[in-house]
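Mind having a look at this structure? Questions to follow.
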């Protein structure tokens, strides 16, 4: 019997994506991927994998998050050359500065997409205007019109993707040992780097496979059910540590995890307005005016998935996420949900502090 | 202005806004009695008096009869506070138009720093889960609020610029004290749609304030606030013009304090009186050929300075004789406000700020200033945690070096005296002087 | 004509005496806790070893952390300019000086005439300074003088991820416990220092040729790691610790000639 990882590898071979398509790099889930998809490009998540910042140091001070510093490192080191274009959102102050640096020092075309912080009708109108600008920009590069029909088709593909991910997440909550963090990370990372038309088929097959295996499982593995909250966490060994210490990850609200798929786009007329609405309406990140609303979402998820505790992780120097914790903690305390606060670099290294804290926390709970 | 230890202790141990108001009265009196010669200019003494009086009224929570501004209490006015917490670049004209008293929380943090209260405030903030990587301005005022040292404001008004931290901290503070928070989200771009969007938000904010205060915004009050703001602006422009003079007319250490006026008093009569006082005094100095300041080098200063008692500026300007003749924070970056289209006009003001949107505006300012003020060297004060400013240092440096003049990036903190030593400044400043030759 | 320069650093103090434009004597001592007494002690030692007396010296310039507290010397110049000048005197092709001292590090861009064009200092953080090596030498139980040679023998290296000295130390302890070969850890540490320093270099822009000064320059492992990081050969003078004092002595000569 193949392991599920092997099965996933098999699926990647079967559903091989069309590598001819041009790629548009992006960093943040507020980038409206549907427009990129409708232009015939593949939205490609930039997931830095280095841990040195020698070149980035020439451009950025040290007290900027390690994720963005690595993006700059990649940019000036010509590692992003193969992308047709890069989209940077107004995710934070540092992102704004990174855009200006890359714009001047990197040969790849870079586009800045502003995002309103608020979610009211004026903001939606304004955001629609911004998206219209984004569409024009992509039409220029793609040398093709991005019609409403094309947009609607992309929206449908993306909504399907969201539904499939939600199903996967529900499966995980039921069988966190089967759908473990290694598998989920792999699925999520690749979800950000492949065209949805192909990836949806892969996800459907994977879910089918998992359901079968899930039925065959005699009993669920025991462990402490943990909900993890944070932003960008791809290289962090965090989730593996939690599982090694006896935790079971039953849910998350990561930028490209739980908060990525939670809300769908309306499939009616005027897709640009629908997109504007959905992206402002979705479960917000720390930067948005509605930032603290996501706490209610988190607590509901914790209850729904029967999690025992929450682990919150913020990147060092990421104000948008770090400053939220005190308020979240207050709400969690009121609900009697224990929590652990971790600060980390965007790196697979530096195990010591994370591991010890996680082990200590789980020991206390167990 | 340094306070005695027992007064500091009292402020920190038994926080009570009313009591603080009384302490500030004593500070006011002390300042009033201090001889003018202790200050750099006569106007500086006046600025201190106005600032402390403004703070005193703010802590009492009521605007009272502000003779200086001419705003009377509305009849039937109830004793609920008229204090409003604002962010540094919030449109205070709007607040004054409602007869309310704004106070920038960042300026409050600066005042606390000058009173040497911040080491204690910040170490308490650290106990409350606030990371030391977060800007100390925000941490200091978050602690001031959560420790109950400030009056409960009627509402909070902030723009999303300066920075993300403004929004996060105001959000946190507002939730803590249960006071409504009006956020003005400044867009990145400034095309027609962006201006319309921002103007719409300002109109909406005015409507929300009407609802909160149960009053109606009167056109003539807004007009008056705009008028005062424009007059203050004109005076500041003339001050900036005067500072181009070959002989320095005032020290940068003092002019960096103008942010206390432009942050709190735009739209009030006292804002006008203060800037006009400075303009008059500097004009006199120029006419009389003032040579009281020996300057060997002319410096452009970017961002802010330490507000706690520190010898940094004195060492730079008086010992090394590198005088700051231009400060980014005092640049008049906006056009006159226009009552014909008040919200659009205010929106354009906000969008013209160098710290909004693309860094190109900031770089243009730097180039223009280097040329017009015959600058010998540029210093950027990298306040710890200020990512929106510090992130631009590379591009600023490249711009400055286009002119073949040196650039110095000075790491520091405006509000937290605990991590920085004078010795480290001295070497860097001297090295900078050695490069300027 | 005899001129002298004294570099009072936070860890060590150096003195250089120039006689008629040539290096006459030099001396290195520990600073201890007091700049003034450090200065007095080193002068005493130099006088006793050279047979000179205080009156023989025409002009003294002090530099370094304790340059103002030293209490002597008619003039003081920052260690930035002194390192630039001293390095340039040893090799007037030099355009970049990297100084890694006991508790601080600095990078200095030098003009064709030996003047400072730009600089960056790190005196807040132990990473990238001799202190880092000290802490790690203790954790690894090796002699700090041997670290360089050990690093050169390693075939591979272990990446140390922590930027901070304190965290790096505990990371090293874990790596030892996991059985990683000592020389690979040490090589990794050399790369850490080099990384930190290279960051500073790039911030002001590398200009070749480069000279390395300061006590840590004697560590060949650091030199090699830096060369690899920066992609350039780095020259190390035979007595890298006295470069600051040498520069100060040269400034003293200028003053003397001016008089």
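Residue numbering begins at 1 within each chain, and the chains themselves are lettered A, B and C in the order written.
One rule holds in what follows: contacts are C-beta pairs under 8 Å (C-beta built on N, C-alpha and C of every residue); 3 or more make two chains touch, one makes a residue touch a chain.
Everything numeric in this text was worked out from a predicted model, so none of it was measured.
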Check your understanding: Chain contact graph: line, ring, star, complete or other?
Key -> complete
Practice item. Counting C-beta pairs in contact, pick out the pair of chains that comes out on top. Key: A-B
Point to revise | By mean Cα position, the chain sitting nearest the middle | key: B
Review point. Between subunit A and subunit B, what's the gap in Å when you average each chain's C-alpha atoms?
Key: 38
Study note, to complete from the structure: Chain centres from averaged Cα atoms put subunit B and subunit C apart, in whole Å, by 42
Study note, to complete from the structure: dist(centroid_CA(subunit A), centroid_CA(subunit C)) in Å evaluates to 46
Point to revise | Shared-contact residues (touching 2 or more other chains) in subunit C | key: 203
Review point. Of all residues in subunit B, which are in touch with two or more distinct other chains?
Key: 394
Point to revise | For subunit A, residues contacting two or more additional chains | key: 58
Revision key, fill the gap. Touching subunit B in the complex, subunit A uses residues 58-61, 63-64, 90, 92-94, 96-98, 100-101, 104, 112, 114, 116-118, 122-123, 125-126, 129-130, 286-287, 289, 291-292, 316-317, 319-320, 322-327, 329, 341, 343
Revision key, fill the gap. Subunit C contacts subunit A in the complex at 159, 161-163, 167, 170-171, 174, 195, 198-200, 202-203, 205, 229
Point to revise | In the complex, subunit B residues that touch subunit C | key: 394, 406, 411, 419, 423-424, 426-428, 430-431, 434-435, 437
**Study point:** subunit C residues within the subunit B interface of the complex
**Key:** 65, 68, 77-81, 115-119, 121, 123-124, 203
**Study point:** subunit A to subunit C touching residues, read off their complex
**Key:** 51-55, 57-58, 62, 345, 347, 349-353
